[in-house]
Amino acid sequence: MKKLFSLLLLFCAIQLAAQTKDPKDTEVWEPEPRVVTPGTMGSPPSDAIVLFDGKNFDEWITVGKDTKPGWKLEGGVMTVAKGAGDIATKRSFGDCQLHVEFRTAAVVEGEGQGRSNSGVFLQSRYEVQVLDNYKNRTYSNGQAGSIYKQSIPLVNACRPPGEWQTYDILYTAPRFNADGIRVAAGRITVIHNGIVVQHNVEIQGTSEYIGLPKNIAHGNAPIVLQDHGNPVSYRNIWIREL
Amino acid sequence: MKKLFSLLLLFCAIQLAAQTKDPKDTEVWEPEPRVVTPGTMGSPPSDAIVLFDGKNFDEWITVGKDTKPGWKLEGGVMTVAKGAGDIATKRSFGDCQLHVEFRTAAVVEGEGQGRSNSGVFLQSRYEVQVLDNYKNRTYSNGQAGSIYKQSIPLVNACRPPGEWQTYDILYTAPRFNADGIRVAAGRITVIHNGIVVQHNVEIQGTSEYIGLPKNIAHGNAPIVLQDHGNPVSYRNIWIREL
Amino acid sequence: MKKLFSLLLLFCAIQLAAQTKDPKDTEVWEPEPRVVTPGTMGSPPSDAIVLFDGKNFDEWITVGKDTKPGWKLEGGVMTVAKGAGDIATKRSFGDCQLHVEFRTAAVVEGEGQGRSNSGVFLQSRYEVQVLDNYKNRTYSNGQAGSIYKQSIPLVNACRPPGEWQTYDILYTAPRFNADGIRVAAGRITVIHNGIVVQHNVEIQGTSEYIGLPKNIAHGNAPIVLQDHGNPVSYRNIWIREL
Amino acid sequence: MKKLFSLLLLFCAIQLAAQTKDPKDTEVWEPEPRVVTPGTMGSPPSDAIVLFDGKNFDEWITVGKDTKPGWKLEGGVMTVAKGAGDIATKRSFGDCQLHVEFRTAAVVEGEGQGRSNSGVFLQSRYEVQVLDNYKNRTYSNGQAGSIYKQSIPLVNACRPPGEWQTYDILYTAPRFNADGIRVAAGRITVIHNGIVVQHNVEIQGTSEYIGLPKNIAHGNAPIVLQDHGNPVSYRNIWIREL
């Protein structure tokens, strides 16, 4: 009888336990994220495709030609050579994390859009403006960190002429349906020198100097760096496909 | 007559020009983004609120008490003192960019969730997990870079024990309507050691060890750092309100 | 002994149960959604603010004046009276679900933008175009169901002239920060005659006939219906604040 | 001379015009949205795939078998036959607009989750709950209009037992990367009897009765209607691929 009683006690204890929620219930074990070794001091993460490490133009061609870029390559840095044309990656990309370092000219020349103008084009179409806007006013939707002629940066985070600057970009490509109508706009986050200047912004369409953005269906496409005739320099460019 | 003819020619030329679109049409000059001086080598941008610069606990209190944090402060670094409790900022925040540097213990102790466990809570409720997951398996939605028990990080970007690591966080607070129903989830982007691990992810609700996330209407609230009983260190914490 | 054995069996059964996750763990009971009685055959839901039920202009004024609208009111229908001006709700709104029924002129006059042109403006600024585009071509970003001069509708879902049509609109207002910079674009979903034509689209800024959308910080604002000089009719207009 | 003067005047006038922005600059003519004839009184739009028009089960099979559904078909209406099992469309779908009409049992039986329980599964995995919650309390994240055990509806928009009700659903499928990690959650808008109850909500993962939502990479998949043992009826089901 005594035994029966203690068994009943046990029974109650178990029931109580059964009613208690278990922290294990909200654990999710799969999938396990793969390991990536982060970079140090600007070096790329282990899973990045290095687009430029200062050694050569192996990942690049001149836009519109199938030739090696005519940009200057010196001291681990590439610099726009006026007239050499835009350069594009050989590979095509869609959704990605892109790291770019750039340097505007130490000797200030020109003003407004004329001062160290260049640009980083996602999918060859959507431009994150590169410009020296350190104490240099231009239209807000055309300054450094803007989605060119579309989205004003949240703040002006430019470093002075001649200093290295960074763009860390998170990019989601637009989607088009079978009618060729864009059903989801592209989205972009841009961190300029560690400061968010575009925060999950919808891209209206192609970057156009004249007229409105266009939306014509497309797939993956190269990253393009612009020759706008000014000696802007680039180094340490890498990309991770998302 | 000849003069008239040339004037007519001019007239036509002008009309042509009138039909040409003008690049100025797509310039937007207002508002002008305010200037922010970016930091260098981890120093905060000029518009950041510095929450911890290694000198004191002026911006912090112990959670649940109104007392100065009992964490260790040494060499510009603060370290969890087991049992001293979670600490919170005196100020409250909503949408923000948050930079945090943390270091897991150089001497490895424990495993799974027991190894250098801590956490950064946005609005005192939503946890970005801090944990030593360098060659330390735990449930995927509970590892470093996870939104604790909600969102698995895209990759495992941990540095080895004893090394400084960074979280750069973009956070948009949830919105609630007059019924107390959440009409827009919070959203978060987390960059861990320079690698995106949460990309514009919706936060399901409060971080819970047991049971489901909760969604109870709230306003701005402090950032909280967790005392989970392990000697995790922090330094260089700053925030920008968005 | 036999009793003991069966108790042990019971014990095992219970332990098994204790290890099984409980469906109750993922039940959320609070908050309880409030009850709304849906409408029937176009009548408004019980929690809607009825903006026009065919009886009077009590909820409306002429824009720019503080006068009763000069539009025609007949048979439960209001119709643009050319030159009477745009009309606005007396109340201001932000996030909302808006139901509007409209009828283009049975007798077709004009073409392109000249045929039964009107518009529904959210927050007095962001226009969902009203136009007779039944076999009437105009620019794609200006046809019925477009966000005027910003977003082309996914399809052309127009009914023939003289038939009643519906817009069911889900609208989230833009948010601006203390700098007056827009930190979140407005978002809109438009269902035209039961067919989605705008699917969670970001609004670029104010609807402009000439030039680009503008983004100047604002709060809640009235719904406006446009007098574009064409005899477009409206009925059964209601709104729910979200 | 006088002529010359008037020509110069003209010249100035034209120049002025040239400086004025042209409304044509913000017209976009391509692509032209294709024409869709909207339905009337519940009939499907011209571009919809009709999944059920009351005549037959041609578009459906029993889940897990390759057999014709065992549900009742009578008077243009199909009704769950207890034990006949869930039914699925033969075709698979991704992003879509889905219209479903359902009727809970006129004779009220059971309570809570036991009263006219059924469900509409997007991509065979993500359930919009069907239930008679007219004066019938259950857990909030399990009532009609919920994303089952994930998202509480904004309001309770149920019609009384025995009346036809509608779900109008806008659905965007989740996206997975090559690692099998979900890089974009699915998104859903649900309009219940004309009232928005889910507004662009992220779907956490699969609908689970016990335990947490799961996220395992998948492609397009059938729409499924649930046999939960209660005689819920369906009619007029159509889908448009987005």
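Every chain is named by a letter (A, B, C and D) in the order it is written, and numbering of its residues begins at 1.
FYI, a residue touches a chain if its C-beta (ideal position, glycine included) is under 8 Å from a C-beta of that chain, and two chains touch if they have at least 3 such contacts.
Keep in mind that what you see is a predicted model, and the values were worked out from it rather than measured.
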item: Pair with more cross-chain C-beta pairs in contact, given C-D and A-C; value: C-D
item: Candidate from A-B, B-C or B-D with the same interface as A-D, over half of contact pairs in common; value: B-C
item: Inter-centroid spacing, subunit D versus subunit C (mean Cα positions, whole Å); value: 17
item: Distance from subunit C to subunit B - Cα centre to Cα centre, in angstrom; value: 33
item: Mean-CA-position distance for subunit C and subunit A (Å); value: 34
item: Residues within subunit A bordering two or more other chains; value: 21-22, 25-26, 28, 31, 33-34, 152, 154-155, 177, 179, 181, 183, 199, 211-212, 242
item: In the complex, subunit D residues that touch subunit A; value: 25-26, 28, 31, 33-34, 95, 172, 177, 179-181, 183-184, 211-212, 241-242
item: Contacting residues of subunit C [partner subunit D, same complex]; value: 20-23, 25-36, 38-39, 45, 47, 97, 99, 137, 139-143, 145, 149, 152-159, 168, 170, 187, 189, 191-197, 199-200, 208-212, 240, 242
item: Residues of subunit A touching subunit C in the complex; value: 3-4, 7, 10-11, 14-15, 17-19, 21-22, 25, 152, 154-155, 177, 179, 181, 183, 185, 199, 201-202, 204
